[in-house]
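Before any comments, here is the structure.
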Amino acid sequence: MSYPDILKIADKEFSSRLFLGTGKFSSSKLMRESILASKSDLVTVALKRVDSTLENDDILSGLPHPTINLLPNTSGVRNAKEAIFAAELAREALETNWVKLEIHPDPNYLLPDPIETLAATEALVKKGFVVMPYIHADPVLCKRLEDVGVQCVMPLGAPIGTNKGLKTFDFLEIIIEQSKVPVIVDAGIGAPSHAAAAMEMGADAVLVNTAIAVSNNPIQMAKAFKKSIEAGREAYLASLAPVKQNAEASSPLTSFLYD
Amino acid sequence: MSYPDILKIADKEFSSRLFLGTGKFSSSKLMRESILASKSDLVTVALKRVDSTLENDDILSGLPHPTINLLPNTSGVRNAKEAIFAAELAREALETNWVKLEIHPDPNYLLPDPIETLAATEALVKKGFVVMPYIHADPVLCKRLEDVGVQCVMPLGAPIGTNKGLKTFDFLEIIIEQSKVPVIVDAGIGAPSHAAAAMEMGADAVLVNTAIAVSNNPIQMAKAFKKSIEAGREAYLASLAPVKQNAEASSPLTSFLYD
Amino acid sequence: MSYPDILKIADKEFSSRLFLGTGKFSSSKLMRESILASKSDLVTVALKRVDSTLENDDILSGLPHPTINLLPNTSGVRNAKEAIFAAELAREALETNWVKLEIHPDPNYLLPDPIETLAATEALVKKGFVVMPYIHADPVLCKRLEDVGVQCVMPLGAPIGTNKGLKTFDFLEIIIEQSKVPVIVDAGIGAPSHAAAAMEMGADAVLVNTAIAVSNNPIQMAKAFKKSIEAGREAYLASLAPVKQNAEASSPLTSFLYD
Amino acid sequence: MSYPDILKIADKEFSSRLFLGTGKFSSSKLMRESILASKSDLVTVALKRVDSTLENDDILSGLPHPTINLLPNTSGVRNAKEAIFAAELAREALETNWVKLEIHPDPNYLLPDPIETLAATEALVKKGFVVMPYIHADPVLCKRLEDVGVQCVMPLGAPIGTNKGLKTFDFLEIIIEQSKVPVIVDAGIGAPSHAAAAMEMGADAVLVNTAIAVSNNPIQMAKAFKKSIEAGREAYLASLAPVKQNAEASSPLTSFLYD
């Protein structure tokens, strides 16, 4: 597009609407190359890994800092208290007041806890954090998070790592319609078509991890997601043709040669 | 992608996997610019329009012939006999032995007739045509069309002009699995995400018309479809991550700080 | 319902809208008890079995003839010629001019052949048969079958034995809207909810086999299908409430105690 | 079924798994007759109506008390405090410690508030109430409600009054798998097939209101829902046949007459 179409969250502007998770890649090299291929300028990293001393997982040294924002996530915490502590640790370690808040006491589906997430968000916002909360696609929770000063919401499409796509479609529609802050669809996005569909609905961005990381060719898959998200965004801006119940000829049918 | 990924139908190679219909555009100028923006190298045109003497609808003069193939369609015919006559007329007028075969006696949903389509295909192949038949997503019909020498099949996703997407998904899967000729999903594709999904399944190309022509911004929508089709193709080649029932953490969950 | 709601095909009336297939049951006893529990008055039987001399599969002797109609099917034939021969054989063996026409050259998905089915139907109708053709959910084919004198159509919901449900929903809707003969949804019905949905759309009957036969408790499953089909029919007659985009309170919301 | 299959919530047993809402009926007479036709033994009533002095809406006098339980709901409250007050009022008015907790600050989609619902549930359980909370299909929230002593959960299928069906299917599956208390699918159920599908998944009961009340024939629709819910329950107990990707013949295909 010739006109600028910039995503803004808090005080930061993002040229890409594809956010990337950094788990599950078979090597750090592949992870770095996939990130670069995706043109994403925001990647999440588990605080556990930041804290790690393992040489072969040094995500910090591997990334070109100036252009790509590292967003620590609190993956692994089970309540607000643990999340707040993790966020503060991350702020110190990474020198960022941004945090992706993930509170999932559920070990099987890793679904987020709405109560703890609201409590932690409220506390962290008061402490000066820019909070990006991973949540169920619950429109009321989204409004409550807005009320405590959240700068964006990250509703899930399907349980993490399932690649099922937009199983929460009807509720994402409501969230997007009502939200005053950017809506980033997180979790469950398993194919470029899913990401395009989220953007066509009016989502502001999409976070992808498993679908790229476990592909046979993560670099190519990263490029595919990049393109599909741009396609979905452009289609949203151009506005989709309406769905119709009856057919309409795209070729003129009137009075063919034989009438 | 760095490696070549060329679609070949009969003796022709196509660099783009997006085919375009030319109906419903609000002006010829917009149609031409949308075609160019799409980078498509195959556009269909209703024989009725070729035959037309109306100055303002002169699709032939408006297109850069060397790079874009004009594919006449038989839209408006109701049986094999009319279709064969139309194809011969088109061959003379456009100097091409390619024809998109559309036989739809049904005035409401414009769905194709399987019996007439097979009969016309068999006759036209014998007359030296390269036939691209528009059909219901019927896997057995596809095999029968192969048996009479068709060079590709064009199963529908949903009734023409409805923008409903891949409502024949389960049958397209079977067609793609079994087909020995290229499979081009035609009709019903209403959004870039639909086109991407078709390509992710392994379709060889997609034909789009209404979704681009009636958009608020056809040129931008054409670009969006181009990108989404490339994305879907690249994802297919890189192979999608499998859909799982249970969640899998993309961030490492083991032994967080508080255990 | 207090008013009569009778299904009529050709000259026969059916009190039940559940038709049953007889394959895959673990024993003839279980098959018979399931049929009786279902209250179906039309069951299909493969001609192969009629022809059989195996004592333990003697479906003919096991059924209470007066109340249940045996409908021979041509399962196993691959073209019109074989189908016509099979139908004539069945007419002689079972003393019925009714035949369920199944022509599926495809060994993997057992999908029906539209061309051979139309040809066989035309020939069999001329020979005095009441033909019940198993077909893809192809609305144009349905109209062509009507044109040659078919007395009902049996479009599929999904490939036989997959239990996937109404994967052809959008096309069944069109078929039901346009058909002048009863529409019986055949193949793919894997759960009572699928059968209910078919009836709610306005289908005239449903044929079920695998979903009952391979259940842990075929007799109970037969009863469940009976009830769900009655439920779907009654809901169709009472007309479903419309689907709405926005919520509407079912409880009165106006001026609660605290306003 | 010959064996007993009783739903138990707290200390009460229910012979029917269909719960009914009482809003939107065109007359009290029609409401009463529909309830009787449904054989439901639990119907919800908005506290506002209980409080009402309008003669023509006297739900209390109209129902045969001994066999049908009246469940007051808190529809119209916007937070925990209002809900608790409403529940106490209902307890006094109706002499029941059961309450259907509905807290929906959202005037457009009437979606429930997870935070207020958990807080109100905790307080009401401590006050001796049997709480039936209307919630989003959020598996983590369900576990938290269990932790504070809830006796059942009532996740929604779709926004109230939309008749969209089980739009939360993937999350209902998880809730049912994990729940230690009965799961009652509430809101969005628009057709008997939806109710059957919920029961087939293993839901313990279904609450229906709009789909019956606004039907052309509420009494018949009530009967249809009754049957479909029994069908779904019986199918669940008999266990559904598995969904398969490939077809399987239900009629024997081996060596037909022509091989």
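Chains here go by letter, A, B, C and D, matching the order in which they are written, and residues are numbered from 1 within each.
One rule holds for everything that comes next: a residue touches a chain if its C-beta (ideal position, glycine included) is under 8 Å from a C-beta of that chain, and two chains touch if they have at least 3 such contacts.
For reference, the UniProt names are A, B, C, D = Thiazole synthase.
These numbers were taken from a predicted model, which means no experiment stands behind them.
Novice: Spell out the chains that contact chain A while also contacting chain D.
Specialist: Where chain A and chain D might share a partner, there is none at all.
Novice: Quick one: chain B and chain C, Cα centre-to-centre, how many Å?
Specialist: Here chain B and chain C have centroids separated by 34 Å.
Novice: How big is the gap, in whole Å, between where the Cα atoms of chain A centre and where those of chain C centre?
Specialist: Averaging C-alpha atoms per chain gives centres 46 Å apart.
Novice: Among the residues of chain A, which are close enough to touch at least two other chains?
Specialist: Within chain A, the residues that touch at least two other chains are 108-109, 111, 159, 164.
Novice: Have a look at which chains touch which and call the overall pattern line, ring, star, complete or other.
Specialist: ring
Novice: Kindly provide every pair of chains that touch.
Specialist: Pairs satisfying the touch definition: A-B, A-D, B-C, C-D.
Novice: For the complex, give me every residue of chain D touching chain C.
Specialist: 1, 21, 23-24, 44, 46-49, 51, 73, 75-78, 82, 85-86, 89, 102, 107-111, 159-164, 190-194, 196-197, 200, 209-211, 213-218, 220-221, 223-228, 230-232, 234-235, 237-254, 256-258
Novice: Can you tell me which positions in chain B touch chain C when the two form their complex?
Specialist: It is residues 104-106, 108-109, 111-115, 118, 136, 138-141, 143-144, 158-159, 164, 167-171, 174, 178 of chain B that touch chain C.
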